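Quick heads-up: structures coming right below.
Two complexes come next, and they have one chain in common, chain A, joined by chain B in the first and chain C in the second.
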Partner chain A sequence: MKRFDKKRLGKAGIYLLLVIVLIISLFPIIYPLLSSFRTDNELFENMAPFNWHTIVPIEWTWENYIAIFKEYQFGSYLKNTLIMIALIIPGTIVICSLAAFAFSFYDFKMKKQLFALFLLTFMIPGEAIALPLYSLVNSMGLINTYAGLVLPALANGLVLFLFVQFFSDTPKALLESVEIDGGGWWTSFSRIVLPLSKPILITAGLMVFVNQWNDYLWPLLAARAQEVKVVTVAVANFKEQNVIHWGYIYAASTVSALIPIFIFLPFQKYFVQGITSGGVKG
Partner chain B sequence: MKRQVISVLMGVSLLAVMVSGCGKKGDGADDGGSEGGKTLKILTHYDAAFAEAAKKYEEETGVKVEIEQTAYENIGDTLEVVLSSQSDEYDLIMADGPNTSAYVSRGYLEPLTEYFTEEEKESFSPELLKQGTVNDEFYAAPLGDSSTVLYYNKNLLKQAGIEVDWSQYTGESRITWEELVDLAKKAVAELDPDGSKGIYGIEIGQVSSVYQMNLLANSMGGKNISDDGKTVKGVIDSDEWKDAIAWYQGLVEEGVFSKGVSGLETYNNFYAGKCVFEWMTADSYTFCLDADLTEEDFGWTYQPCFEGHEDEVATGCGNWALGVSAFSNNKEEAGKFVNYMTYGEGNDIFLPISGMGPNTSARYTDELTEKNPVLEIAKYEAENTAFVRAVTPAFNEYSAALSTMWEDIRNGADIEEAMESTVEQIDSALGEYNES
Partner chain C sequence: MKQSSAKMKKRALPYCLLLPALAFVLVFKIYPLIYCFIQGFHYKGSWSLETFRVLFSNKGFWHSLWVTIKMNLVMTPLQIVLSFLMALLVNQAVRGIGAFRSLYYLPVTISMPVAAICWSLMLSVNNGLANSFIGSWFGIAPQGFFTDANQALWCIVALSTWKGCGYWMMFYLAGLKGIDTSVYEAAKIDGANALQTLWDITIPLVKKTTLFVMVADTSINILLFAPTQLITSGGPSDSTNVLMYEAYKQAFKYGSYEKGAATTCVLVVLILIIVFFQFKLTNQED
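On to the complex of A and B.
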């Protein structure tokens, strides 16, 4: 009996610990979500002493959501962001998978050096190349266009690396059999390699999506016009010289977090599968 | 079939990228663009105020002004990238007053001398003219001015049973910081004796920023930089600075001033009734109204002075200025627009919308003071006590180092050590400019 109690007590302790960890992990999501339904004054009035209403609104309001969509045209920034991403994801996948196909199945001069060079690209922080990149894109007349946002993102070293890792597991005999049957590289690529790469395609797509959805510096420099401005840059507008519209920031952050969550969840299992098969080798 | 569809979709997407790239040349701000006239381009966070003035300007001259909006905090960084790559993207440059010198030293701004007569230049407040002038050449015309004022929460003072005859205070006879601290301590002791409600006695609007914090030292007689602008040694480590810093740090430790609350959050604390006094800018009046406060809830008076330093009161000044990009293809049109926006009719349209104080005493109209009565104090301060921030091409480095020092002091850093390290950092930055 005593042993049974100890066991139950131990289990309860573990559950309690898990609940605490869960609350701590969810707090950064729950707090902005609930704060998006209250006014700034109510938020600061209830900041101290810490009580239930520090987190849960007293008077629930949609005011912040209405304001960001009506006064600040947040919907058009969401649309711009989705267009940008809809262009970047397929573009990146096409370019990187083709490049990875060449690196994985063909031998050519300077192959190793070139691959190392591509890998370097995702180790250099965006801030370091912002200035020359701006000069280049500006000289091409692409500032404030979707092309200016999209083109620099298409060749992605990390995605290339993932594809190469995944393709290296594909038996070369499959490609040789295509050749014997008279098929060319395009047949091998489109009929054999790509259909086998579903998890890595989804993983790469999700990685690109999350990176681009959260990107701030490049859209700030390359897309300042209303017609191409994206969500991350638009959220900064709620911080004015002498006022921060906290409620607007929370509402906009909630909306812009929900979209990736809804896209990410259905593909979660592929994402994990893709990462493990593309990255870690046993 | 499915695979073919995917391939086609990918191809179409890539094509769309290329088409969108080729189809739109961004802005066409270089030359022409507008029907029958030129198009100028500006990046600003005062987009609504500029748009209204630009509309009138286009009607009168045929010159169109394209306004690109960005957040206040992004202007400096964005312009730095654009201008350092010598891009002709913007014809008009918004410069925060003290940055003028840095922009000139990097070759970003074109002199405005030929677009302003001597009389027009002299019409600006002397401190603003000083900020826009580098090596005797006029580069940035002030759009407006700012000033620092003390606001008080009437409801909290009433709840604490404190009555003050605020009408007794004038520009010549102000409340002292020492008196104000006593009032704040009394109020907090009554309203939040155990500190559980998070009510502060005094908050500083732009806490830890040189715009406001330096004024404490300036109001004790301290300067911001040496007269030749080449060093801060012997200036920001002077006795006046030490006294001001020690006074501030002591009151943070006593809980009169807040700790750990960032600059703009202090405003929110005032709007939400979480601090009794807030020392902030004159244009904050309109933000108080926006936050649903009325004149029943809050009042305002002149910035306090220190006892024994009544004649040395230093109040904040300076605001955004407008210049012409050295890389613009439309310098002449841009120069004329700068004149229109700062000296001409455009400024009359700009001021009420932007909420800025006027750039000269003559522009304080009844319309402006009716909309923001705090501007009456701002006018007095601009004429009598305005103290300009350090004029140096190393202002960014100066500002960053001093802001860190003020925040360290707020967090209890050793005063001597903090000063010594700050002097070293700033003088090293100044040294680089002195050499070049």
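On to the complex of A and C.
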């Protein structure tokens, strides 16, 4: 009996901790979400003393959302971001899966060295080379173009390693049987390897989506013009311009936060699997 | 003859498959890296160490380097400990744990600039939520947070830790799941208590994960840029002027690409040193 109580107490303790961490994790997301539905006046009037309505609006309004889309063309930034991502995801997947296919199923000279080269680029985060990359892309005349946003993102070390990791579980014998039947590499790749890779395709696609959606430094340098400006830079500009209402900032932040969350949640199982199996094994 | 050309074709195939990826890596990753070093070793258009001499004789540079290192010395261990504890928590077999796991990951999916801006509003001196809360409930006078030279850096640490832990938690969770449960049963039979098991079994068994997280986290944190650029602009009194922001300022505010490149070189070398240690430590393990 005593033991049973102890077990129950332990469980209650676990739930208590889980809820505390949950509040810390979610409050800085939920508060901006709630505040995006109120006017600045209402927000400031209820700020102090601290009470229930400091957090939860009394009168809900869509005003801020209407304003950011009507006055600040937030829709066009969303469109720009989605176009950029729609170009990057298939490009990255094609380029990286082909390279991973070569690394996983063929032996060739310099294989180790070439793999190490990819490893190195994967270990140096993109932010580190953003400034020299700007000089390069600028000299190519690609600043403020989609090409300038997309091309540097295509060779993605992380996605390459996800594929290599995943392909390493595919039996080589399957490919040999294709060759015996007279099929070329394209048959093996398109008929055997790719159909088996569905979970990793989803993971890679999601990962690229979330990373690109949240990327800031590169688009800040390479895409300042209105026609190609992406959401993160637009939100940042709201703050830089200093004139904006808090409600607008919260509304813009909410839109920019909710889109990846809604895309992430249905697929989170794949995403987690991908991170944990592809990155490193413990 | 025909056979040998087929053989050649077969030999060339893997290189052809690699070619697109390799081309993009060489042009957009390796070349900028090399170019950055070339530019850093130039002064007014010719080869020289002068840019580095100017950089290293500047007190501001050493201050930025110190801010970057100080921030990392606190932030990286903090994130590692917290994400490990979070992983232990979500590794518990209780009902609904999957939902908690996903919800803990949500801060990761939010972009740093957006998180930074929302935090700066919530922690703002006037009309900020945090000041209202501590004032009304605890009678504490309004704090400066991002505008106080003693607090700004630690607010950035708090923000990045909040945003980062869910990510590293996932790696630890994978590490924990990889541990054979029979080890725990054996420990239980030997009469080890929970703390002993944690210290003597769990922590050593996730050592590889810890190494990976340590290095990956450090190299990300060294380049942390958005909160400084968006909230504090390096201030107050340069207390948050991290090296990455300094490089950005040199290149894009003062138009001195050479200085920006030299600063970037220092950052890249810092990261390479960390990567080198990771390889060394990981190889030692095997």
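Methods note: the second predicted complex is superposed on the first by the 240 of 282 C-alpha atoms of A that agree within 3 Å, B and C clash if a C-alpha of one lies under 4 Å from a C-alpha of the other, contacts with A are read in each partner's own complex, and residues count from 1 in each chain.
The definition used in the following text is that a contact is a pair of C-beta atoms (placed from the backbone, for glycine too) under 8 Å apart; a residue touches a chain by one contact, two chains touch by 3 or more.
Keep in mind that what you see is a predicted model, and the values were worked out from it rather than measured.
Superposition of the two structures on chain A leads chain B and chain C into a clash.
In the overlay built on the shared chain, the residue A:Glu45 is in contact with chain B alone; chain C does not reach it. In the superposition on chain A, A:Pro28 makes contact with chain C only, not with chain B. When the two structures are aligned on the shared chain, A:Ala67 is found in touch with neither chain B nor chain C. When the two structures are aligned on the shared chain, A:Ala236 is found in touch with chain B and with chain C. Shared-chain residue A:Leu131: touches chain B and chain C both. Contact with chain B, but none with chain C, is seen for A:Gly148 once the two complexes are overlaid on the shared chain. Within the superposed three-chain model, A:Ser256 lies in touch with chain C and out of touch with chain B [touch as defined at top]. After superposition on the shared chain, chain A has more residues touched by C, the comparison being chain B against chain C.
Once the two complexes are overlaid on the shared chain, A:Trp246 sits against chain B and chain C alike. By the touch criterion defined above, A:Leu196 reaches neither chain B nor chain C.
Only one of the stretches 1-9, 145-153, 181-189 or 271-279 in chain C has C-alpha atoms clashing with chain B after the fit on chain A, and that stretch is 145-153. Once the two complexes are overlaid on chain A, the chain A residues touched by chain B in the first and by chain C in the second are 43-44, 47-49, 94, 131, 134-135, 151, 154, 221, 233, 236, 239-240, 246. Within the complex, the chain C residues that touch chain A are 11, 13-15, 17-18, 20-22, 24-25, 27-33, 35-36, 39, 86, 89-90, 92, 94, 97, 100-107, 109-115, 117-122, 127-129, 131-133, 135-137, 162, 166, 170-179, 205-206, 208-209, 212, 219-220, 223, 225-226, 230, 244, 247-248, 251-252, 257, 260-261, 264, 267-268, 271-272, 275, 278.
Within the complex, the chain A residues that touch chain C are 11, 14-15, 17-18, 21-22, 24-26, 28-29, 31-32, 43-44, 47-51, 54-55, 94-96, 98-99, 101-103, 106, 108, 111, 114, 117-118, 120-121, 123-125, 127-129, 131-136, 151-152, 154-155, 157, 160, 185, 210, 213-217, 221, 232-233, 235-236, 238-240, 246, 249-250, 253, 256-257, 260-261, 264-265, 268, 272, 275-277, 279-282.
Residue ranges on chain B touching chain A, taken from their complex, read 3, 7, 9-10, 13-14, 16-18, 20-27, 43, 45, 68-74, 77-78, 81-82, 84-85, 87, 89, 196-198, 205, 264-265, 267-269, 271-274, 280-281, 283-284, 287, 290-292. If you check the complex, the residues on chain A that touch chain B are 40-45, 47-49, 86-87, 90-91, 93-94, 130-131, 134-135, 138, 140-148, 150-151, 154, 190-191, 194-195, 220-221, 224-226, 233, 236-237, 239-244, 246.
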